[in-house]
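Order as written gives the chain letters A, B, C and D; numbering starts at 1 within each chain.
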Amino acid sequence: MTQTVFEARQVSKFFPGVKALAEVSLDLHTGSIHALLGENGAGKSPLIKIITGVYRPDEGELFLDGNPIALTGPRDAIANRIGVVHQERNLIGRFSVAENIHLERLGAFPLKPIDYAALNRMASQWLDELGLDIDPRTPVSRLSVAKMQMVEIAKALSLRSRVLLLDEPTASLTAHETDILFALLRKLRDTGASLLFVSHKLEEVQEICDRVTVLRDGRNACQSRSMEGLGRQDLVRMMIGRGEDAGRWTARDRTGNPVALQLSEVSTGLGHRNVNLAVHKGEIVGLYGLVGAGRTELAKCIMGKFPITGGQLRVGGTPVVIRSVADAIHRHGIGYLSEDRKQEGLVLMHSVLENAGITVWRQLARWLAALTDGTIRTKVAPFIEKLEVKTPSLDQTVGNLSGGNQQKISVAKWLAAGVDILIVDEPSVGIDIKTKAYLHDLLRQLSDDGTAILLITSDMPEMVALADRIVVLNDYRVEGELINSGQYDTMSHAIMDLIHRVEAA
Amino acid sequence: MALPDSPASPATRQAKRPMARYFLTNEFGLAALIVLFAVLFGVTAQGFLSPFNLFALGRTASINIMIGLAMMVVIVTGGLNLALGAIGVCAAIFCGFLIQDAGLAWPLAIVLALALGAALGSINGWITVRSGLHSFIITLATMSIFFGAMIFLTRAQSYRGLPPELTSFGRIKIVEIVSPLLVVTVVVALLLAYLYRLTALGREMLAAGAKAEAAELSGVRVGRVFIICHMLSGAIAAVAALMLTARNGAAIPSMAGQLGQDWLLPAFLAPVLGGTLLTGGRVSVLGTCLGAFLVTMLTSGLLLMQIGEFWIQSFLGLLLLAAVLIDKSRRMLLDRSKLS
Amino acid sequence: MSRVTRVLACAGLALSVGSTAVLAADDSKFALVPGGPHPYFSAWEQAGKDAARDFGLAAADYKVPQKWELSQQNQLLESLLSQGYNGFLIFPGDSVGTGSTAAELVANGAPVIAGAGCLQDPSDAAFCLGTDTGNSAYLGTKQLIGALGDSKRIVHFTGFLVDPNTQLRIDAVQRAADEAGAQVVQVIADIDAPEPAEEKINAYLAAHAGEVDGIITTAWVPAVVAANALRKIGDKRIKMVGIDHDEVVLQAIKDGFVTGTMLQNPYGQAYIGAFALDKLRSGCTVKQDAPLMANALTAKFIDSGTAFVGADGVDNYVDAMRAATKALFDTFEATYLTCQ
Amino acid sequence: MSPGLSRIVRTDWFGPFVIALAAIAIVAAFNPSFLSPLNIQVLLLAISINALIAFSQMSIIAIGQMNLSVGAIGGLVAISFAGMMEVWGFPAPVAATLALALGLVCGLLNGLVIAWTGISAFIITLASLSLYKGINLGITQAQPFYGVLDAVKAFGQTNVLGPIPWLAVPTAIVALLLWYMFNRLPVGRFILAVGGNQHAAELSGISVGFTVTVAHAISGLLAGLAGILLVARLQIGQPTIGDDWLILSFAAPVIGGAVLAGGHVSIPATLLGVVIVAIITQALVLFNIDPYLVQVVLGFLILGAVGLNRFREARLERPAGRI
């Protein structure tokens, strides 16, 4: 017997000049996993912040067990057993796993000594329940990103939350980890918990959720209805107001083109051994591997951030030694679109213009002449427009834009730089469907125009949808190379075979 | 004022009309405070508006501003330069030595002194970049080294054999109340503003300071840019020291106190009040100038008000606190009126 | 007010009774400005009040810079000029660096006298009324050597190296030692602040107490700290000559841990200084043939009196200084000034 | 390397520990009197007080802020302590307690203003530095207080055991308490949590304002304690106490390897940083370095000590580069 445990009724939230949420409603049942869908900017994040007590609604009411409540802050939400796993890392790096899990509960008695033995014991239980093999005494900073995510979930679970929000929990998890997480979420659901699941990955939503609320432009596109009878296309239509025009993959063979980037028997200071790899002009080569296979590291070695200790690197057929990233970009025309947008990709506190123009300042600068915003604007604006970046102006601070728009700016930066070779690392992390599709089209189009692209992604469907050839990397070595057939099942099997062949051996 | 942790949430800020945005800037807040206190002192403090006091105020402020700018250009990188006083004194003494003992023409001596300042600054930068340590500890050590070496080599000798062109520079009055030193400061400030707004190098400094990793992966030579920042800091510190030399009429080792530490307070005060982020990546040349001017004016006004001399420092502290709080409440009020 | 100040104040009172030079109240408004907050100058405050009363001055105010910084002192002086002060007794924050400010004051019609310490020639100060720092260190060292036995190994504790006086003191101690066949085994400088003085002096005595026979101190804080250190290790074998009239040092002299101290005459400096400023303002000039003395810094030096006080004189040293002040005052106008 | 040894090598205090040991060995080899009981006592006296100053700053570094008013609070507490004994004739324990309370209040004021207004600690403590120092000068008129009671003087000059002075006792207790607080008490962990990731700490329901206030209050208390001990050691209440503390207060934790960004402190490493500075200072006196060269040598020694520690860390990081 399910019942409504939490309800948001006709909630609105205003920001100066913007109505972020307009009379949005949502109700969560016990024993249910409820999907919250919407494009970036549709109002998901204000709604989440209202539910978790960060914002107070300007209109409308919240109900818990049928009684109206006014949450005064995150702490109040926790006290009402509304837990949340945030999108950004909310862990204290130097603290142990156990301590992070129990951080909330230490607060009641600031002067009562912490019983670490008990803390570790309790933490172990939660970790076991999640099927995680982590010593609770390990400092969180030593964990991989995926494990940190699991710790955050353990943290929320340990609060015995009746309502648990999961904001893109699978964004940085591998398929295997995702399976473990889903098994756990189902178990929680079966014990009567009410889960709110926020994700861009519709496959996952369809797999695990039983009810759904979709937001579009700050309003309900559908309000807390059952997932039954809804197909992927239906969801997409509700989210973006029209159907999904899936990028059509077509077989291309560009191996006849001149080689743009070639690695021969390359060893690096980070531990790569005998890496052979070639990317031709106009070709997209996928570099697939599990987390920790050394893909990003290889990209950074090519960019000159870390040393190449052996073998030969050729750009456009000429052997080169790249000593710095600046050399790679300005002298050899290689660009790198980082997976870590916030740390490595963009300067969040600076404007759109500064971020998009950073790669071209040197080109545009003339000795002693002023490098005005106007000059940069002329150069950069066409790309910003072409990519349909939604920003009030080019002076907007990038940190205020949505993930998708941020990613578009990262791309615009490289388009403006006019690089011949582009290394793209996890391009669609934290990006909505529309932008993702758009990016895929763009990358195909770029390669058609002659740019050589090395694509790094853990998202197998993305890999199959984009790459011409796929190189499989495992443990800092190349395990093999496949021609992409465009068939998801066969390709994924072939790739996994390559990886597991080694592990079996 | 410098409220890096300003609560004005980004989402609220963008939607403001340009006029309101202007009222929210540090620069406007500082300017308003300066006007406020100027009126206050003009009414209550005898002699505040006398030509000599205005002249002296401008002269003192010009040096304090310059010291603040020398620190500001390093704060841009998220670092600090504790050695700027020591570098300045070294450069000034070197200049005095070149003129008095080596018999060089004074323009050449000044250029060489500035070069020494830049060189010492770049040593700081080079060690910081190569060691990967925080510039705090590096410049703490080099502060001792530079200053100690200078004292050792000169035996704390003063150089006063300076040509009148140089020494009168500190005393000339343009239109009764303006010191030429103030003109130098304005020129340097304008050059810096040009650097940060209108050159690739300046933009790279800000990008590298805000997020070194991102800047590097976008093709900025972060190490080199940081070294240039430190070099600039050394050169500006040298300018400040030469201005002080002109004002004192001699190059003296005690002009910035033991190890040059007397400069640290104005050096930090000005950029931080002016809205330069201590973590780097954001800079306000105008704010730094106004910040230094405000503090100098407060000191000057308090001295004139003849508050018991031993209590002046307390009042300066209270006024600073009041100034910061007034500015903060102004912002919050404006923010709130825009929200409703 | 400390006991010493009170006693000195009484001395001033007595002096004023004997004085007949009571002038009509005039517009003379003098400022007595030390280099920074320091107990040495505390007698200046009372001396200024006494002088204002005795000579009918509008004011002779004791004005202290907030910090021991040259720039702070300069700013204070500028401000005082704006406030209408028209005569200055200044302890130069730097014997060279204060010269330019002094020149500016004089150019604005306010006579300047250097007090307690001198400005280096050439300067616009009418003369320097104070203690010859080098000579005082020389005499003190002589006294110390006289108290020593056959073994004459001396350690010298002194102030900041950026102060040019420090070098004068080091040289003077060395000269006195050379003349008497004594040996200066070590000079420890930069310890005119309590924490480093405590650390370095104790460290030195802990390791080298057996290798030294006498201590000469030429700065206030080291004298206090060294006197305490000797008392602590209870060693009366090591002789010490201190400086100034801190109670700790005086008590240590009484108890036999310290041989004696080199006293200066701050009260006399301020009292006579204010008198002379008034005279200078009313048209007097320094006599062409005035018996000015020369020291390492200036040829316009007037000794305000320095005296060695040992255990026998410590109880009535105030009388001695009073006598010195009176003797100097009685003949001052006749000896040094020509008035219309 | 055995696992136990490897763990010790990786601890944050190992680098400074080795440097301190090496420094002691080198100085003692050239000058045996360095290890004489009297000299050890002098060394411990310097370390005791400087350690409190460093701890005071460390508590603020822990939340990722700076406290520029450490010295001003220490000086104000010191002269109040001496002044209460001289002017009001308070017995030493009462004066000490009241003076400590004053230090606490000064720190508390810093913390409250910072927490309430959200203005950066740098600005607030810069202003309060002026305020506290000004009050100090206003009260003393730059005159020292001489009326320090004999009991206090004795406390500052006698030893508790062998070469260990009484002054080291409060410092040792404070070090233990701080270690306990930062490692075992929730309030200490909150300070580190706020320093490490303020956003996360806030979302975990930790009151950032409360934590910041507590950290500043602790800092004020420790600075005050340092001031009181310094009065006992100097035997007078000097108004200049605290003027030179600022650089030292940062240098010791940083030499010990503290990260200025916050979120991590190490009591042993900070203590060792203080020890290294004390040894260097003393060695310069013992070796009769030309006074004009003292600063140069000091600078190079600091650079050397920090560089060595950095070198060790870099060596340790390298094998871990591949995660």
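Quick notes on this structure:
Everything that follows uses one rule, which is that a residue touches a chain if its C-beta (ideal position, glycine included) is under 8 Å from a C-beta of that chain, and two chains touch if they have at least 3 such contacts.
If you're wondering where the values come from, they're calculated on a predicted model, not measured in any experiment.
Shared contact partners of subunit B and subunit C, listed by label: D. Ranked by how far their CA centres sit from the centre of subunit A, the chains are topped by C.
Put simply, the C-alpha centre of subunit A and that of subunit B have 42 angstrom between them. The centroid of the Cα atoms in subunit A and the matching centroid in subunit C are 73 Å apart. Per-chain Cα centroids separate subunit C from subunit D by 36 Å. Annotation for subunit C: residues touching 2 or more other chains are 37, 64, 66, 161, 190. In subunit D, the residues touching two or more other chains are 134, 137, 141-142, 292, 294-295.
Of all residues in subunit A, none touches two or more other chains. Chain pairs that touch one another are A-B, A-D, B-C, B-D, C-D. By the touch criterion given at the top, residues 37, 62-71, 74-76, 78-84, 93-97, 99-101, 103-104, 108, 120, 160-164, 166-167, 190 of subunit C touch subunit B in their complex. Residues 74-75, 78, 84, 86, 88-95, 99, 103-104, 106-107, 109-114, 116, 144, 270-271, 292, 294, 297, 476 of subunit A are the ones that touch subunit D when the two sit in their complex. Note for the complex: subunit D touches subunit A at residues 180, 184-187, 189-190, 192-193, 196-197, 199-207, 214, 263-264, 321-323. Against subunit D, in their complex, subunit B makes its touches with residues 1-7, 82, 127, 131-134, 136-138, 140-149, 151-152, 155-156, 259, 261, 265, 268-269, 272-273, 278, 308, 310-318, 320-321, 324-325, 328. Within the complex formed with subunit C, the subunit D residues making contact are 31, 33-34, 36, 38-39, 41-43, 45-46, 49, 134, 137, 141-144, 146, 157, 230, 233-236, 238-241, 243-245, 278, 281-282, 285-286, 288, 291-292, 294-295.
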